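Just below sit the structures, each encoded as structure tokens.
The same chain A turns up in both complexes below, where it pairs with chain B and then with chain C.
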Partner chain A sequence: MAKHETPMLDQLETGPWPSFVSDLKQEAASRAKNENNIEYQIPQDVVEDLIGIMELSYEHGRTHWKHGGIVGVFGYGGGVIGRYCDQPEKFPGVAHFHTMRVSQPAGKFYTTKYLESICELWERRGSGVTNMHGSTGDIIFLGTTTPQLEEVFYELTHNLNQDLGGSGSNLRTPSDCIGQARCEYACFDTQALCHDLTNEYQDELHRPAFPYKFKFKFDGCPNCCVASIARADLSFIGTWRDDIRIDQEAVQAYIGGEIMPNANAHSGRDWGAFDIEKEVIGLCPTNCMWMDGKELKIDNRECTRCMHCINVMPRALRIGNDRGCSILAGAKAPILDGAQMGSLIVPFIKVEEPYDEIKEKVIEPIWDWWMEEGKNRERLGELMKRQGFQRLLEATGFDPDPRMVQEPRTNPYIFWKEDEVPGGFERDINEFRKYHQR
Partner chain B sequence: MAFISSGYNPDKPMTDRITDIGPRKYDEFYPPVIANNKGKWLYHEILKPGVLVHVSESGDEVYTVRAAGCRLMSITHIREICEIADKHCDGYLRFTTRNNIEFMVDSKDKVDPLIQDLESRKFDGGSFKFPVGGTGAGVTNIIHTQGWIHCHTPATDASGPVKATMDVLFDDFKDHRLPAQLRVSLACCLNMCGAVHCSDIAILGYHRKPPILDHEYLDKMCEIPLAIAACPTAAIKPSKVEVDGKKLNSVAVKNERCMFCGNCYTMCPSMPLADDVGDGIVIMAGGKVSNRISAPKFSKVVVAFLPNEAPRWPSTTATIKRIVEAYSAGANKYERLGDWAERIGWERFFEKCEIDFTHHLIDDFRDPAYFTWRQTSQFKF
Partner chain C sequence: MDYEEAKDLVVAGLTKKLKNKSKFYFNDLAKLIGEKPRAAKKYVNQMVVEGVLEYWSSGSTSMYGLCGTGKQAGAEHEE
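Let's look at the complex of A and B:
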């Protein structure tokens, strides 16, 4: 017998898509039964109260969670988000319901052994409810009490060799696409770079010293499967600067209909026979491809590496061999001043261990500038807008490059610096007046 | 419920403390076929919706079966995922950035038994536990935020509208009939924990009433200067108010300048915005993050407001379905939703999707607004 009636949530148990309500109910039932005689360290009926308070929100059309209090683990300023409900008498099981962010492995591969160890810990010391995964990428432990925070952290670090992730005004847990682990498009090892930078900057990740949050995301190619260009303060996007590799026989196989285009992604509709002129050459954004008899030709110098032709014919066309990444800066969601896309600051950089150039020439100078100039709760992209792209160039020492702009400015209001103008700004008015009467 | 210590001593927190060890290293978790072929993959093919094969230079193949996961997931459910991975995949699996679960096997004969197992599992309520799909020119899982399950600022729920929407789009999760992939995302307030601002279709929770001022507690609960500074439109100013004969320091809000972002509430719990009829959903459309053919672009607001119709949000799901069907009928092969809307013109988009165009959809927020007005005599009747 359920502790709370949930007539509204029950309506989300029907329909084909996996029902989170059914899942929460099975967790509540599992805790009520407690077949393995677990000594639960937080209320046994926590999930029933979670379902109950959720139902109340469905009735009221409003959340019943309050602001987080200041809770955490000793020495860290992030990784735990305090959460309390505003109906603790009715739902004592979720009176304290804090979130813990657990730093996920790059690429989000797991062994069942590891996941089971996580489940065992979270069943005993928490609600048994998670997010796999949170938006930033962490494994999210959803709901425990204050006394359990240190205990969970102790067990994570001592028994599972596992640390917490980031929250607050610090480096957020970096995340990456599947990369070279299982993708032929990946231009660098996203997992290796993600893991290395995550470990290099553990201090920045755990101890808030920044004006606001800061995110790294790593996309192996311009398809941008982790959306780095839209949501990371620094987006690392794989690219190459030599030629797309062409297998002319495979091109003919596509033309002859032996291989389905776009890896068979359009199999649900009859789009007619594959037409390379219409579907590849005609859609190339720079018109840098053509057929020369039976040969597909690409003017690689004009290619902007949009990935379309490679996506359509992955067995015929492959990324180049001289690979690295582009780095864009300043992407963020709308709050406060509107959404921003990342802006290109490094057109090309090699991605090679130990990544010193990326750390010392890009990340750290940008952080120095942002920490010096950024206002409280100002993202990097907002600082770039407020002070101008030129300040980012000065901070990093990169030379201006037309690749960094969509187009040159349309106004001539250039903030000339004194040392750029011969003779400087100091002038003698009396000398001027010798030739120009008042 | 006796307290059991992990070994942590609160009197000596630094004793044996382990910090800054970071996440587990990724390659501990690679299945052998991945470890052996990393960086050597030649090409891939989607055998059918939800099933991929990647072929390596070495001749090895890895077959991936992608199943839907709810981002909100219990450990009972994770244990069932582990049981499946132990049975079919030698104890390995992975999650995608869009909350799907990927089960990988190293030969083709292992694929069908795995799919049959996944598709046979249902929750007591009747829904599938692990429907297979989410690849190619279809709809994949919705990335989303917490909503009413755990957040203090949402203007709508997250898991509920996602479930309702995916029930309506379920056939397209399991099919490849669309002109290109279609990414749906949900953020329960405009903090947007997730990249919904660049999605083909975004469901966004939004408040429409200015904060209620809890004068009696405001100065005790909040740093008034921080609340004032938090407002992006400078709508908040300090004020003195009288409550029960007592003079109190508080704030005043210029309602006509409020954009309902809730940033003040983040800084000051005595300024709640949530309201049962004020809150609801904004629908945005036409964004993308891929650089394929056209540049990444932001989603545009196409419906200014739909009410929070718990538990199944029928107006929201019906609007989304209309947009998907109009896109499916009108777009060219490979054309993303936003590219289609730009090609036919937004005036045509509203007509085809049967959406009313209201004044709310014309940008009036700061300088970038001007660049969205029509500055040409070219338009369609």
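Let's look at the complex of A and C:
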């Protein structure tokens, strides 16, 4: 028998998709049975009460979680998010229901042993409910009590060699695509850079001193599997400077139907014979491809590295050899003020250990500027909008570049600064009078 | 400035405002200390370690308060 009646949640289970409600019920039942004789350190019926308070929230059309809290582990200002419910008498199991963010490994590579260990830990010291993964990328542990926080942290760091992730006005846990470990499109080693910066900026990750959150994300190529361009304050996107490598024989094999396009990803339905004109050349956003007899040609100077042709014909077209990344700044996907895509700040930079150029010329000057000028709760992208892209260029010392221009300007005024004008704003009146009468 | 001076400035500044609010942004602290954010951060970290300040977090934003003065202390059955 379920502890609480939940007609509204039950209804959610009737849809076509896997349901989190079913998952929660399964976990609640498993905790009630406790077949593995776990010594639960928080209420055994925590998940029952979670389901119960959720039903109540649906009934009332309002949340029963309080806003934030003063919890954390000693010395860390992030990684733990306090959650208290405002109906503790009715649902004592979730009176405290704090979230812990656990820093995911670069590329999210796990061994089953590791996954078993963290699940065992969370079953014992938490609710057993996890979110793999949160939108920042972390492993999210949902729901434990205040006394368990230090215990979980101790076990994570001492037994599992595992740290907490970022939350609040911190550097958030950097996150990356799977990169060169498995993907032939990767133009730089996303995992190496992600891991290095995570270690380098531990203080920023754990001790909040930024105006608001700050995210790094690393995509090995413009396919942007972690969507860095849409949500990271600093996105690192792999690219190349030279030419797309073409294997003309393979091009013919695609045309002749011997190799299936898109690595056969669309084989579930008959789309007819592959048509290179229609499916590749005609869809190139910059019109920089054509057939010259039996040869596929690309005007690489016009190519924007959109990846379309490479995705369709991966065996015929490959990323260039002179590789690095582009860096974009200011993306965000928040509720306030609307979503914003990143703006190009570094068109191309080599990605080489120890990444000093990236740290000293890009990341740190941008942080200095934002920490001094950013208003409370202002993301980098909002500061860029408020003070202008030019200020970002001044802060970083980069020269303006046509590739940073997104669209023709809409403001007809050009504002000059005194030091940009030869001779400054002072004029020699006698010189002036030579040409202009009083 | 040495640490003790910075601490006195922060404690005095926050105590004065306690009637109206108990949670402060990092920038408020940096202003009280009168140093650039990076330099101020060292002092602020130290104050947290010593238990002078404590963190408050909503999950998206972090704030600081004098230890034990936030209204959440009540929510945690400490009052």
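Simple rule for what comes next: the second predicted complex is superposed on the first by the 414 of 438 C-alpha atoms of A that agree within 3 Å, B and C clash if a C-alpha of one lies under 4 Å from a C-alpha of the other, contacts with A are read in each partner's own complex, and residues count from 1 in each chain.
Just so we're on the same page, a residue touches a chain if its C-beta (ideal position, glycine included) is under 8 Å from a C-beta of that chain, and two chains touch if they have at least 3 such contacts.
Because the structure is a prediction, the values reported are computed rather than measured.
Asker: Of the partners chain B and chain C, which touch A:T99 in the superposed model: first, second, both, neither?
Answerer: Once the two structures are laid over each other on A, A:T99 reaches both partners.
Asker: Considering only the touch criterion stated at the top, classify A:G330 as touching first (chain B), second (chain C), both, or neither.
Answerer: So A:G330 meets neither chain B nor chain C here.
Asker: Which holds for A:A263: it touches chain B only (first), chain C only (second), both, or neither?
Answerer: first
Asker: Just checking: does A:S167 make contact with chain B only, chain C only, both, or neither of them? Give me first, second, both or neither.
Answerer: After superposing on A, A:S167 lies in contact with chain C but is clear of chain B.
Asker: So, does A:E372 touch the first partner chain B, the second partner chain C, both, or neither?
Answerer: After superposing on A, A:E372 lies in contact with chain C but is clear of chain B.
Asker: Name the contact category of A:G238: first (chain B only), second (chain C only), both, or neither.
Answerer: Touch status of A:G238: no partner.
Asker: As a test of reading the superposition: which chain, chain B or chain C, is in touch with more residues of chain A?
Answerer: B
Asker: Applying the document's definition of touch, where does A:R315 land relative to chain B and chain C: first, second, both, or neither?
Answerer: first
Asker: Once the structures are superposed on A, label A:G220 by its partner contacts, choosing first (chain B), second (chain C), both or neither.
Answerer: After superposition on chain A, A:G220 lies in contact with neither partner.
Asker: Scan A:G72 for contacts with chain B and chain C and give back first, second, both or neither.
Answerer: So A:G72 only meets chain C here.
Asker: In the superposed view, which residues of chain A touch chain B and also chain C?
Answerer: Touching chain B in the first complex and chain C in the second, residues 66-68, 75, 99, 203, 376-377 of chain A appear in both lists.
Asker: If you look only at chain C, which of its residues touch chain A in the complex?
Answerer: My answer: residues 25-27, 36-38, 40-41, 44-45, 48-49, 54-62, 65, 70, 72-73, 75-76.
Asker: Can you check the complex and tell me which residues of chain A touch chain C?
Answerer: 66-72, 75, 77-78, 80-82, 84, 99, 146, 167-170, 203, 207-213, 368, 371-372, 376-377
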